[in-house]
Structures are given as structure tokens and as C-alpha cells.
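Heads up, there are several structures right after this.
Below are two complexes that have chain A in common, paired first with chain B and then with chain C.
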Partner chain A sequence: MNKYWQIAKVRMQEDTAYSAWYWAGTVSSILRLLVIYYFWQAVYSNRSAIQDIDLETMITYIVVAMLLQGFVGGVGQDLAENIKNGNVAIELMRPYDLIYKMFAVDLGSKLMHLIRGTIPMMLVAFFFMDIPFPGSVEAWLLFIISAGLGLWIGTFFDFLVGVLAFWTVNIWGVRVLKESLVTFFSGALIPISLFPDWLRVITEFLPFQAMVYLPVSIYSGMISGTEAYLAVGLQLFWLISFYVLVRVIWAQAVKQITIFGG
Partner chain B sequence: MRRYAKLYWEFAKNQMKVMMEYRIDFIIGVLSVMLEQFASIFFIKVVFNHIEQINGWSFYEILFIYGIAATGRSIHHIFFDNLWTLGWQYIRPGQLDRLLIRPINPLFHIVADRLHQDGFGQLIIGLIILGTAIPQLDLAWGAVEIALLVVMIISSGMIFVAVNLFFATFSFWMIDSLPVVWAVFNLSDFARYPLTIYHKGIRTFLTWIIPYGFTAFYPAAYFIDKSGFRELALWTPAVALVCCVIAYSFWNRGLRSFASTGS
Partner chain C sequence: MITVENLQKEYKLVKRDPGLKGAVKSLFHRQYETKKAVKGVDFTIGQGETVGYIGANGAGKSTTIKMLTGILTPSAGKVTVNGLVPYENRQENALSIGAVFGQRTQLFWDIPVRESFNLLKHIYEIPDQEFAETVSMFTEVLNLEPLLGVPVRQLSLGQKMRCELAAAFLHRPKVVYLDEPTIGLDIAVKVRIRKFIKEMNKIWGTTVLLTTHDMQDIEEICDRIIIIDEGRILYDGGLEEIKVQFGQKRVIHFDLPELDSPFILPAPLLGMAEVLPASEGETKVSLSFDHERVKSSFVISEMMNRYDIQDLTIADPKIESIVEELYNRREQGGTYEQVLANS
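Showing the complex of A and B:
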């Protein structure tokens, strides 16, 4: 356990070394908050609710979803590059489980992102945009659990996409494809309850809504009570299924490396 | 000029060969960008399923703004994408020195080094959006209007190029200015919607400081009468030209003061 924690710590230090990217990211997040704010103000300019969602709830949803989406990615990029340049063969010989190592790295960078990126941005949203916190202690706890599960599902999915690098060269294209799918179906842009009926039904059967839509709905109070617990249960189901999938596909992929004598 | 045209063709031919070599990747690239754009449009569509207009702008009018931005951006994406890589592919590894001793303009060389496949997806989706929006807008389309639309789209693309070139040039002093370029590029998100929804300060900034407003909103406003921006909109090509001149002079300045990273 200790070695994985060390790996995570190294990653945290690495992330603090590149301050240019940090500032660029911060500026971009503030810009996005501004766009969101003005866009929804304009949408609500002559109405008080859209399908029972008022302006405050809507902006809360969109902002929290935007912040949460920053965590949904994972190690897919690193993994894909490792596969492409052949380093994965050396990585596999090292005395750790490569999957756990990758998740440790991911954990490190997410912790750093939380401290340096998300918390300041949350405060900005709280003070300048009047974004409220969840209504009760129960909602807070459920949100934290649900967000954690959602991010984990997102990380696993990202890993699966990264493994695709064994079969394709255009890593960048696959990533954009994945990002669009996730952005679209996870409810990061707009609450899924506003989707047209046919699409909402499809979306409810996909794992993506468990990444952003469910936790953020719990945060903003759009889902509560029994429904919220059911949502967390559904997330658990997806998490376990994805873990099994990761293990199976990874075992297959590693076999492929040996075949090519990597 | 003729020499450069011929050179560009030679560069492009090689790029094309590479693209055809990896056909699946070409398709993935095109599809991915199309899906990315489609997600944003779908977002607008879902919002408009519940309301009729935003600040006086209907769905198809917003789509029209969006279409101009997407098509303009595709020019930048297909032909000038390599500007993004100035820092990490040319300056940091010392590759730029190699270009500097060649008998052609180094900026031309960098730009011609890459023809980006994924930009074609952007172009296709941009044209689809324009094709969907325009028939719904109830405008009279003559040869003049079509010519003007083409000019506006090219100007839009050149503004994207000029802004990226300007901020990429900082790499000459800071080795890699990619984070800056990226942060500035994100400003163009504002340009997807009518600028009238924003605070006056933001509007002024996007009109006169970093003129992303001219990449989509003002050109679209020219065709949509009620907007009241027709006269300003006509300045779009001039704005594009001025931006390019400023960016290119700045580039030359950067190039003169460039001291290689050494290796």
C-alpha cells in the first residue's frame, strides 16, 4: 500500500511544478463560469422555471457538473502513450501491479486538482455566483459518496479507452471521441431530465449518467430520499461491472504484448 | 509566391499520403470532431425545446452564428493547426534551428508541415450547420450575399489564426506558450452565443482587444437585420487583416530576438 501512496505523492509534486498550466486552467475555468452564468441568465430572462428547475438550481447544477467533470478523466492518456512508445513492457516488469500504479498516479493528480483547482473555484462560485451548498448533512454525505463512485467509474472507463491504443494510432482522435461521449451522456452540459424522452430512456441505461448527472442531482436537490439511495446503488452496480471489465480486458491486452515480444 | 504555392502543394501531397496510410485513424479523427460539435449543438437544441428564444435570438439564428464559427475555425484547424506545436515540437527540441537555415520563410515551413485531418470533420459539420440554419432564416440570398458569407467565413478563420499566431509567438521568450494559447483560445467559447447576452465589459473586450466577436457573432449579425450591428459587421474582413498584420509583425519580432535553447 505504501509504495502506491509514494507514487501518488510524487505525482502531486510533479503537478505543482508546472504552474503555467495551472494558471491557464484557472483562467479557463473562470471564463467558463462566466459563459455559463450569462448564458443561463439570458435563457431565464422571461421565465421562472424550466420543467420545475429554477435559475438558481440550474446554475448550481451546471457549475457543480462542470467542476465534477474535471475529475471524470483518468489515466487513459498516460496508458495510451506508454503503449505507443513501448514503455508498457518495462512497466510490466516492475514490482507493482500496473493497474494499481496507474490509479495511484491518477489519485495523486486528482487530489492536487481538488486542492488547487476545484476548492478555489468552488469558493469563487459560492461568493460571486451565490451557488448554495447541499441542503442537509445527509445530502452532503450522499453527494460525497456518489461523487466518489462517479469519478471511479469515469477513471475505469478512461482506462478502458486507453487500452484501445493497442489497436489504433490516432490516440488524440479516440480521446476526443471519448470526451464528447462522456460530456454528452453524462449530463455535464445540461440535466438529463431535460433531454427528449426517447434519449433520456437510452441515457438511463448507459453508465455515463452515473459519472456526473447522479451526484450533481443529489447535490442540487433534484434527487433526494429513497431515489438518492437507489442512484448510489446503481452507481455501485456500474463500478463493479467496470472493474470486472477492466481486469478481463487488461488480461487480454497483456497477452497481446507477449505475442509481439514487447 | 508561385514558388511557395508549389512548395505547399508538395508538402500537402506528403501529408495526404500519410493520411491515406492510416485510413481508420482518419475516420476516427473526422468522426470525433463531428461528434464533439454535435454535442454542443444538441445542447442548444435541448435548451430550445423548452424556450422559444434567447435575448431575441431564435434557435436557427443561434445555429447560424455557431455554423460560421465552426466553418471559420475549420480553416484554422485544417491548415494552421501546427501553430499549436511551435513550443514543444520546434523550439524546445531545437528543431526550429533546422528550419531557420532553410531558404524559405520559417513560418510558412511550420504551417506547411501539417495538414490536419481532424479539421475536415469540423468543416463538414460547419457546412451541415450552415445548410440547416440558412433555409430557416427567411433571408434573401443572392450572389452578393453568398460571396459575402464566404468572405466572412474566411475572415473568421484568419482571426482564429492571427490570435493563435500572436500568442504562440510568446514561445520565443518562454520556450512553450501553449498554456497561454490554450487559455486565450478558450475565450472563443464566448463567441458561440450572441454577444448581447454578456456584460458590456466582456463585449468590448471581445470586440476590440481579442476580436473573437468577429469570428461569428458580427458576421452573422450582418445577415440578420434586426440585430443593429450591420455596419460594424462589414468591418470583419478589415479586422481580420489588421489582426494578421499585427500577429505577423509580432512573430517577426519574436524571431529576431530568438536565441535557441541550445542542445
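Showing the complex of A and C:
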């Protein structure tokens, strides 16, 4: 266990290697937060609700969604690069499980993002924009669990896309497609409840809403009670399915390396 | 302990017609082409041996090593390393092996070397005390002190290779595979690295399997060589034996400062020794002869009778020339049996 934690720590250290770059990222996400904030203020300037969602709920939703969206990515990109340049073979010669190792690396980079990206944004959100907290302790707890599940679903999905590098030539195209699918269907841009009916139905069958929409809805109170527990159950379902899928596809990939020679 | 029996590897390659049409076609109808890289190799290496695994480019050396590390699954045959089948027990096997692939780095790119070692300490679960001792010893033998604080991406090739070597031996593995560890290095670094490998073999009894194209590496590190060619073993035996078996040719270099006319071989040596093309000016002459037929002392005394010799050196049979000769014979189209029989 300790070795995986050390791997996570090293990843955090690696991330600090490009520190100027990182702070630039922090500044730009705060700016983005402000733009979105004023945008929705303007949208609501001559109405009090959009489909039952009032301004405060909307702002809360959008801001929390933005905070969570920073975590739905993963280190699939690193995995894909390792696959393309053949270094993944060397990873097979280490006394660790590569999936757990990638998971640790992902954890490290997310912790770093939390410190340098999310916390500054949270400070702006809570002190400047007066974003309210969830209404109850239960909602808080559910939110934390749901957010954790959501970001791991994101991580595993990202692994899956990364491992595809074995079978696709154009990893860049696949990533762009993945990013846009996730941004749109996860509900990171607008609440899924605002989608037209047909699109919403499709979205509910997709895993992406479990990454952002469900936890944020729990936070903002758009989902509560039994519905919230069901949402967490659904997330668990996706998490386990993705984990199993990652394992199966990874085993296939290992075969590809060890039998075909990469 | 490494045992390899009838080990084979064929690579499967997806055959693709050129262009977009070919790419689309290959999606639906895959055709495989196979490439036999290793065609049935047998050997056993005992604990503490230092073995040079040599052969021309594309002979199958790296492929064999990858099968020993567990990265590749053999197409046929058996491998065991310390009692484990590497490709079936990859992680367990990993704990007792180390490897350097001269063409790839295994250190962590963005963090200082010291941190890389630290991470390896945790990954291989090396006890604190042992780790501290090992690092301080390596720092001295490989002169790592100035490098420890530098991120790997800022190191030169030679600096990086010294660190790679340290990383491979850090957990005191029983077996270390070195695939071209001296590629592209200057002579001083090569010397340091050879010394390090020898020392590790001596103090920890580490088994070393080394591939290289620099025969000096082999002469200095290995007790035994295995020569592989086109996926088959051409020779397996002691370094000294191969010299005895194939290296009957001796060369003596003479320095003849008084020589003013073209050199003529003394009559008693005609048909017994051969004059090698001169390289350094007119006053140096090298004679090559079969030392089973002619004694060195005879050649020298005949030369002394005829010429005024200022200096002479007797060259050792070099493994380099032996191997070169074996490759050449293969290239001229001999079968393995012929190559070995004619030697």
C-alpha cells in the first residue's frame, strides 16, 4: 500500500516541476468562474426562474459543477503515451500492478489540483459569490460520497480511453471526442434537467451524468431523499462496471504487449 | 538460476496494404505476418555467472531478454528464473531481477535522481538500512554525488546511464539483465560501468546477462559467452575456451627503425606467417601466424636474425576478431554446422 502512496506523492512533486504553468491554469480557471458567474447573472436579469431553477440554485449548480469538472479527467493520456512509445513494456517489469499504479498517479495529480486549482476557486466561490452549502449534514455526506464516486468513474473512463491507444492510431482524435462528450453529457455546462426530453432520456442511460450532474444535484438540493440514495447506487453501478471493464480491456492489452510484442 | 529450453518467439505483425484503403481493409480482414526472432534456444546460467550474450543486429538478443524479464510471452519452450516462470509471475519475478535497457530510461523523468531512488526503495520495499548502504556505495563507485539532485531529463546520456545502472542494482536483485548498457558512452564512463558491474557480481554474487556490441565489455566483465545468430545459438562456452578453439591466430607487431627497403619475410617463415597490411608508417610490421603450427619464439628469433628489432608486442587473440570472423562466415552463406566445423 505504501508504495502506491509514495507513487502518488512523487506525482505531486512532478506536478510542481512546472509551477509557472500551473499557476497560469489557476488564474484562468478563476477567470472562467467569474465569466460564467456574470453570464448567468445576465441570463436571469429579467426572469426569476428557468424551469423551476432559480438564480441561486443555478449559480450554485454551475460553480460546483465547475469545481468537480476539474477532477473528471485522469491520467489516461500518460498511459496512452507510454503505450505509443513502448515504455509500457518496462512497466510490466515492475513489482506493482499497473492499474493501481496509474490510480495512484491519478490520485497524486488530483490532490495537487485540489490544492492549487480547486481551493483557490472555492475561496472565490464562497467568499465572493456567496455559494451556499448543502442544506443538511446528510446532504453533505451524500455529496462527498457521490463526488468521490463521480471522480473515480471519470478516472476509469479516462483509463479506458487511454488503453484504446493500443488499437487506434489517432489517440488525439479519440481524446478530443472524449472531452467533448464528457463536458456535454456530464452536465458540467448546464444542468441535465434543462435538456430537451429526448436528450435527457439518452443522457440518463449514459455514464457521464454520474461524473458531475448527480453529485452537484445532491449538493444543490435538486436531488434529495430517496432519489439521492438511488443516484449514489447508480454511481456505484457505473464505478464497478467501469472497473471491471478496465480490468478486462487491460488484460487484453497486456496480451497484446506480451504476445504480439507491443 | 536461469534455465531456458527450446525457447522460441515469433512476432505477429498485422499485414497492411499501403494507404487508406489498406487501413480500412485491415479493420475487417486482418492478415498476420509472422517473424521468427528466436528459433529454439537452450542454455542454463548458474547463480553468480557473468554471461555475454552477443550477436549481430537483429539476432534476437533483446527478444530473449524480454522473455526472461517476463515482458514477452514465448511462443514455445520453457523459461524459469529463480524457479519462477517470468511471464506467469511477472510481479514476483520483478522483485528479484533488475534490468537496464540502453535504449530506454526507467527513471522518473521530472524528479531528481535521489527521489527516483527513494521511490524505487518503496516500490521494491528495500529496508532503510540496506538502502542507505547501497546508495552510499553506488554514489562512490559510480560517482553519482553531483547527479543526485538533478532531474533525470537534464542528465547527459553517460550520466543517465550511470544512474540507470544504480537503479537496476538498487534492490540487490539476484539477476540483472543489461541490454546494451554501454551504448553511446565515452571510454571513461564505460570503464566505470564495467568496474561497477564486476564489483556487484563479486560482492553480491549477482548473475549478469549482458548484451553489447563492444567486445571490450565482454572481455572485462564476462566469464562465458553465448553467441546467437538469426535466432539460434552459435556458440556457448567459456571466454577462454573460445579463444583457444577459434583464436589460434597470433599477431606480433615489430618495430624496425632501420628498415629502408620494402619488408621481405625471412625465408624460414615463408608459408608459415603472413604479413598484415601496415598501418603506421613503413617501419612497423605485423606478422600473423597459427600458433599451433609455429611457435612465437621461432618467429621472433627468425626476425631477429634478419632485422634489427627495436621493440615488439605480442597481441592477445581478441574476442572481437573471433566474433567478427564467425559473423563473416555466416554472411557468406554457411550453415551453422559448417561455420562451427570450419573454425
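The definition used in the following text is that the second predicted complex is superposed on the first by the 261 of 262 C-alpha atoms of A that agree within 3 Å, B and C clash if a C-alpha of one lies under 4 Å from a C-alpha of the other, contacts with A are read in each partner's own complex, and residues count from 1 in each chain.
Basically, a contact is a pair of C-beta atoms (placed from the backbone, for glycine too) under 8 Å apart; a residue touches a chain by one contact, two chains touch by 3 or more.
These figures come from a predicted structure and were not determined experimentally.
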| item | value |
| --- | --- |
| Touched partner set for A:Arg94, first chain B, second chain C, both or neither | second |
| Partner chain(s) touched by A:Gly225 [first = chain B, second = chain C, both, neither] | neither |
| Which superposed partner A:Gly86 touches (first chain B, second chain C, both, neither) | second |
| Greater chain A contact set [chain C / chain B] | B |
| Touched partner set for A:Gln6, first chain B, second chain C, both or neither | second |
| Partner chain(s) touched by A:Glu14 [first = chain B, second = chain C, both, neither] | second |
| Residues of chain A at both interfaces, chain B in one complex, chain C in the other | 169 |
| Residues of chain A touching chain C in the complex | 2-3, 6-7, 10, 13-14, 17, 86-87, 89-90, 92-97, 169, 257-261 |
| Sites on chain A touched by chain B in the complex | 20-21, 23-25, 27-28, 31-32, 34-35, 38-39, 41-43, 45, 47, 50-51, 168-170, 172-177, 179-181, 183-184, 189-190, 194-196 |
| Chain C to chain A touching residues, read off their complex | 11-13, 23, 63, 66, 69-73, 87, 90-92, 94-95, 97, 99, 101, 104, 106, 108-111, 115, 118-119, 122-125, 151 |
| List of chain B residues in touch with chain A within their complex | 22, 24-26, 28-29, 31-33, 35-36, 38-40, 42-43, 46-47, 49-51, 54-55, 118, 174, 179-180, 182-183, 186-187, 189-190, 193, 197-199, 202 |
